[in-house]
Amino acid sequence: MGVGEFDSSVQYDFKVDLGASLSMASTNVLSVPVLVFLLGVISVRLKADLRLPDPVYQATAIYLLFAIGLKGGVALRASEPADVLLPIVVAVALGIVIPIAVFLVLKWVTRLNAIDRGAMAAHYGSTSLVTFTAALVFLDALDVSYEGFMPTLLTVLEIPGIVVGLLLAKRYASTRSRVEDATSRDWVAGDSVSRDWIREVVLGKSVLILFGGLVIGFLTGVQGYEQVEPFFGGLFTGVLALFLLEMGVLAGRRLSDIRTAGPGLIIFAIVFPVFAGTLGIISGYLAGLSMGGAMILGVLCASASYIAAPAAVRLALPEANPGITLTSSLGITFPFNLIVGIPIYYLVAQALESWFL
Amino acid sequence: MGVGEFDSSVQYDFKVDLGASLSMASTNVLSVPVLVFLLGVISVRLKADLRLPDPVYQATAIYLLFAIGLKGGVALRASEPADVLLPIVVAVALGIVIPIAVFLVLKWVTRLNAIDRGAMAAHYGSTSLVTFTAALVFLDALDVSYEGFMPTLLTVLEIPGIVVGLLLAKRYASTRSRVEDATSRDWVAGDSVSRDWIREVVLGKSVLILFGGLVIGFLTGVQGYEQVEPFFGGLFTGVLALFLLEMGVLAGRRLSDIRTAGPGLIIFAIVFPVFAGTLGIISGYLAGLSMGGAMILGVLCASASYIAAPAAVRLALPEANPGITLTSSLGITFPFNLIVGIPIYYLVAQALESWFL
Amino acid sequence: MGVGEFDSSVQYDFKVDLGASLSMASTNVLSVPVLVFLLGVISVRLKADLRLPDPVYQATAIYLLFAIGLKGGVALRASEPADVLLPIVVAVALGIVIPIAVFLVLKWVTRLNAIDRGAMAAHYGSTSLVTFTAALVFLDALDVSYEGFMPTLLTVLEIPGIVVGLLLAKRYASTRSRVEDATSRDWVAGDSVSRDWIREVVLGKSVLILFGGLVIGFLTGVQGYEQVEPFFGGLFTGVLALFLLEMGVLAGRRLSDIRTAGPGLIIFAIVFPVFAGTLGIISGYLAGLSMGGAMILGVLCASASYIAAPAAVRLALPEANPGITLTSSLGITFPFNLIVGIPIYYLVAQALESWFL
Amino acid sequence: MHEIDLLTIVTESILKERLIADLKIAGATGWTLSAAQGEGPRNRRVSEVEGGNIRVEILADPVTIARIWDMLKDSYFSNYAVAAWQSTVQVSRADRYLGNESQG
Amino acid sequence: MHEIDLLTIVTESILKERLIADLKIAGATGWTLSAAQGEGPRNRRVSEVEGGNIRVEILADPVTIARIWDMLKDSYFSNYAVAAWQSTVQVSRADRYLGNESQG
Amino acid sequence: MHEIDLLTIVTESILKERLIADLKIAGATGWTLSAAQGEGPRNRRVSEVEGGNIRVEILADPVTIARIWDMLKDSYFSNYAVAAWQSTVQVSRADRYLGNESQG
């Protein structure tokens, strides 16, 4: 077989990959949840916000968190402890490294002050349940398998990033308060709440539900899960779609703020996830995860929190500007990940697979 | 074979039909959704209104609209464009003709002023999602097939009737304002909102969700639908039942107003739907629909809106008396259609079938 | 075969029973609904109450009541009237006897006044839907059959206990009002509402939904039920789990009040259910129920109401202290029944089976 | 603009139907109700299970408001969790809020 | 502490978007809205189907409040179910509630 | 009837637990809370994601109310979206709304 033949064969393979990639990207974009998200965004443009009633939206969030945890717990029980340990350690490490990277990179590409950079670090150091879930739905649609204990990594990655981000901001804040006096009154309040924020973050409701679901799934096992499968399993993708209607509205409202965000922040909100996602995929392979699992860890690293982190930051770091962090995480990074990021991380995971597995 | 034998054979066939008709009527009345509707009505009589909490009711409406649209979109994609075009054109025509008929007929049988007749035209020119849905459930229970793109016709018929009804009322209103001066101050307000009402009607939330579902179903196709089928498909009839509990309460509250409505309005609210339904069935056959499809188009014509139209009329035509329109559409026509209308339209469609198919 | 051998064989059987009992108890404790209840309790301890939004919680209650009624009605239709009659009569008798027993026993073990004892009688004379449902889920998990018409007994037992309890308290109240004058002003109000309370109790919303579901199930039959089975059947255990999250929070909030309840009340709240449950099981066998059915009747007798009864008592007997009744029924008896009571009643039913069947 | 009294009543949600009926008996021509939560010195409520408090506002003439206060004192204060306060506000169409009895 | 006017408007929930737009046109710098139910002498509403009433509070200077009253009289009172009342309250940062026009 | 102060605070719903704790520290014996939405001049809120505003009413003696105002100025105004206003109302059982400290 000559070089020419080999080349053309490669080319041929490449064509197939391109076709496969396109069909895969369209599987993602044309899935009901992603299309519903776009419907939500469009409804904001048409000034007819298709929001769910608040209590239903909150119940939907509880459902998704608990269902993800429950399934993860059932799968965790079926896993070998040895297989789970290294990924958990790696996830904790990523939860510390990523927010520090955010804090440093933002100093370089934007003019944000340390408090806002710490707030951003808290958001990007934590994870997005919905992005994670959409990636699972995506892999399921492609029939690609992944480790069942991925929700464990979601739970593990939720907290450390927020704590590290807040600590980075607080370190600066305490320095400043010694220098400036005009704002000292604020810092009294800042101090008086300091006892609360670690508790608030670690024992937030979303973490409790997710973690509670994980433990309950672990305890009840496959047998107990079967009784509730039609509710927590069968309905999952449909409920996710409904939830994404609301997320689309919330993201759509942020779209008009993007112009004011400045080019540095926009570039960051798109490029950093790809960087963090690739880091997550490589770490996943090093931790022994399958291709699907590594991709999901990449998605966790690439995604930014817009529920747990904003709440924690608002309470513990009220001086931070939520306009900046929410526009970036909810207005740019979330839609990017949902629509093009997920297929990209899948391609990256595929491309890197041969290096590791 | 003599005449007598022929006669008796006809009689025999007729007996079978009667039995079949009765069993069909009881299939309808004894279905869970219809019984739940009656439970809602009765609960009002017992002064213990079994209403769903408002946010849940609203979420249920979103679910029903979206699920209907979604299934319609999936089916639309599987349809030949040529098969769909004529029914759409016919539906638009019905959406213009019916409200004009309402406006004229009401002048003849009631003493309503032009504004209230325009409001009635808007209600009866539009459609009722729940009546439509109950008819689908009815046909499914009888295993009678219908065109999958019927939700497209529901979407098409939702708007024109409202616009035509409002235009009829507005035409009178502008005439009047030139004559009478005492009410001129009101018309300032009437004018200042005139820019809004077409937008309000065309881009109302219910239309957007229904139409959004249709487009999403079309784009995602059977493959994408499968992922959300347990939620948007499997649960559909059950959620409809829950929704009808609330509809029963709302209709039950209107029942006591019927006495005040006057005989003309009561007769109209029962006879007009049968007339419009028959018109719809005939038009459906002429447009090439199957028996099931023609019956559904009849149901769409026979049903009166009590969500989209009341909201649009309240904003665009505040002088209209909602007591009249809601009592008629929600208190009389809706229960009539749900309980006896649906079997009647089915019988009419069956009876006319041999003329057309 | 000698005595020794017989003995050892008994011992052997006993060992098997113990193992089976333990596995059965763990089936109960490790079921998702019970674990979710514990998650709710723990969340209160962690000061992060995992409550559902109010409207969703209310809708969930409507769903559970209606679904239970519906299934019961479908099953009732398939039952022989003769088989159902005796259990109904027995249930009514239990609904009268149990609250009287509560009233008398409490006089003996506590220092509660007659009004609070009447309130307690109303609570323990009525039933708990969730305890009942959890028992059904438990039996389903063990593949133990029971009569399908058990929801009929639930409905029958809901009301009489409340009425008897209130009558006992009222009898005392009217005596007192003739003696004491200082409180006479209150009794005017007490009298002015007296016309309402029977109506409030008998036509309460929860009774209406449960009873409505029963009638609808009976009318629609298996055929009608099939259309809504995915919603009202398939999702049932999952929705129950969600509901128990809220129940766990409500019970958890009561836990801190237990200390103040006094030893007499605590002992009563645990021992009386076992007594009433055993009475119910025996009565069930005497009424001709199967082992599963007798156990469920026992659960109905053992359980205390914390929705219908508190509402009725608050309106009809405002002088009663809800702190006492809710702490006892929701804070002690409900968790006791859910976690250890259900397996106990099952063991009791098994132990007594040979005496009756 | 005319002066009129505004009475706000916060109480257990379970009393909704009864309170509204009593307001009408006392002569109120209207009311506005919102859902609420709360804590107070008594804090002995079953509403925890039933969905919190209701917050009801009534615009009426002083005679009607006084009658409502009496009704609250007679039938609500001793047995139920209630907070109530009154102020004077200005409205433009005062006759809407005046019952027939007190209009003479 | 400074004196400022507080206007409370209760009306049909379907008017939410329109009312908020009109408040801004009238010069209000803010508003607070809660869901409500109610009954009144007119009681002719479609909102029964649409989810009840809204209760909107507006803090503003007397000029702005007067403009809102005019707006209500012109466009709302005749056609819609509305109750509105006004009182004077005290705030600590009055400038937040004053529009540009009336600050001169 | 007795005079008492009524303070209304509208703020971000995320602050619910913290605000209630702070009210108790300041000496309030009770509070009533409703869900609300709103817009104001600052309008910088995360609550959009978290479910809007809360509207809290506190009946208390002037000393306690003044303490709450101080608390708001120190810890809330600078960092959070807050509107607050105060008026004087009449209640029938004033002692219910007075803390121990100020009753002397």
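Note that the chains take the letters A, B, C, D, E and F in the order they are written out, and that residue 1 is the start of every chain.
Operating definition for what follows: a contact is a pair of C-beta atoms (placed from the backbone, for glycine too) under 8 Å apart; a residue touches a chain by one contact, two chains touch by 3 or more.
Owing to the predicted nature of the structure, the values given are computational and were not obtained by experimental measurement.
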Partner chains shared by subunit B and subunit D (touch criterion as defined above): C, E
Chain pair with the higher count of C-beta pairs in contact (B-C, C-D): B-C
Chain at maximum distance from subunit D, centres defined as averaged CA atoms: A
Per Cα centroids, the chain farthest from subunit C: E
Cα-superposition angle relating the copies subunit E and subunit D, to nearest 5°: 120
Between subunit E and subunit C, distance of the C-alpha-averaged centres to the nearest whole Å: 49
Length of the line joining the C-alpha centres of subunit A and subunit B, rounded to whole Å: 43
Subunit B and subunit E: spacing of chain centres that average the CA atoms, whole Å: 36
Centroid spacing, where centroids are CA-atom means, of subunit C and subunit F in whole angstrom: 41
Where subunit D touches two or more other chains at once, by residue number: 34-35, 87
Per-residue overlap in subunit A, given as positions that touch at least 2 other chains: 53-56, 58, 230, 234-235
Touching pairs among all chains present in the structure: A-B, A-C, A-F, B-C, B-E, C-D, D-E, D-F, E-F
Touching residues on subunit C, where the partner in the complex is subunit A: 30-32, 35-36, 39, 42-43, 46-48, 50, 52-56, 137, 140-141, 230, 234-235, 237-239, 241-242, 245
Contact footprint of subunit C on subunit D as seen in their complex: 12, 14-15, 18, 35, 44-46, 48-52, 74-76, 78-80
Of all residues in subunit B, those that touch subunit A in their complex: 53-56, 58-59, 62-63, 70, 203-205, 208-209, 212, 215-216, 219-221, 224-225, 227-228, 230-232, 234-235
Touching residues on subunit B, where the partner in the complex is subunit E: 54, 58, 185-186, 188-189, 192-193, 196, 250, 253, 306-307, 310-311, 313-315, 318-319, 321-323, 326, 330
In the complex, subunit D residues that touch subunit E: 1, 4, 6, 20, 29-35, 59, 87-93, 96-97
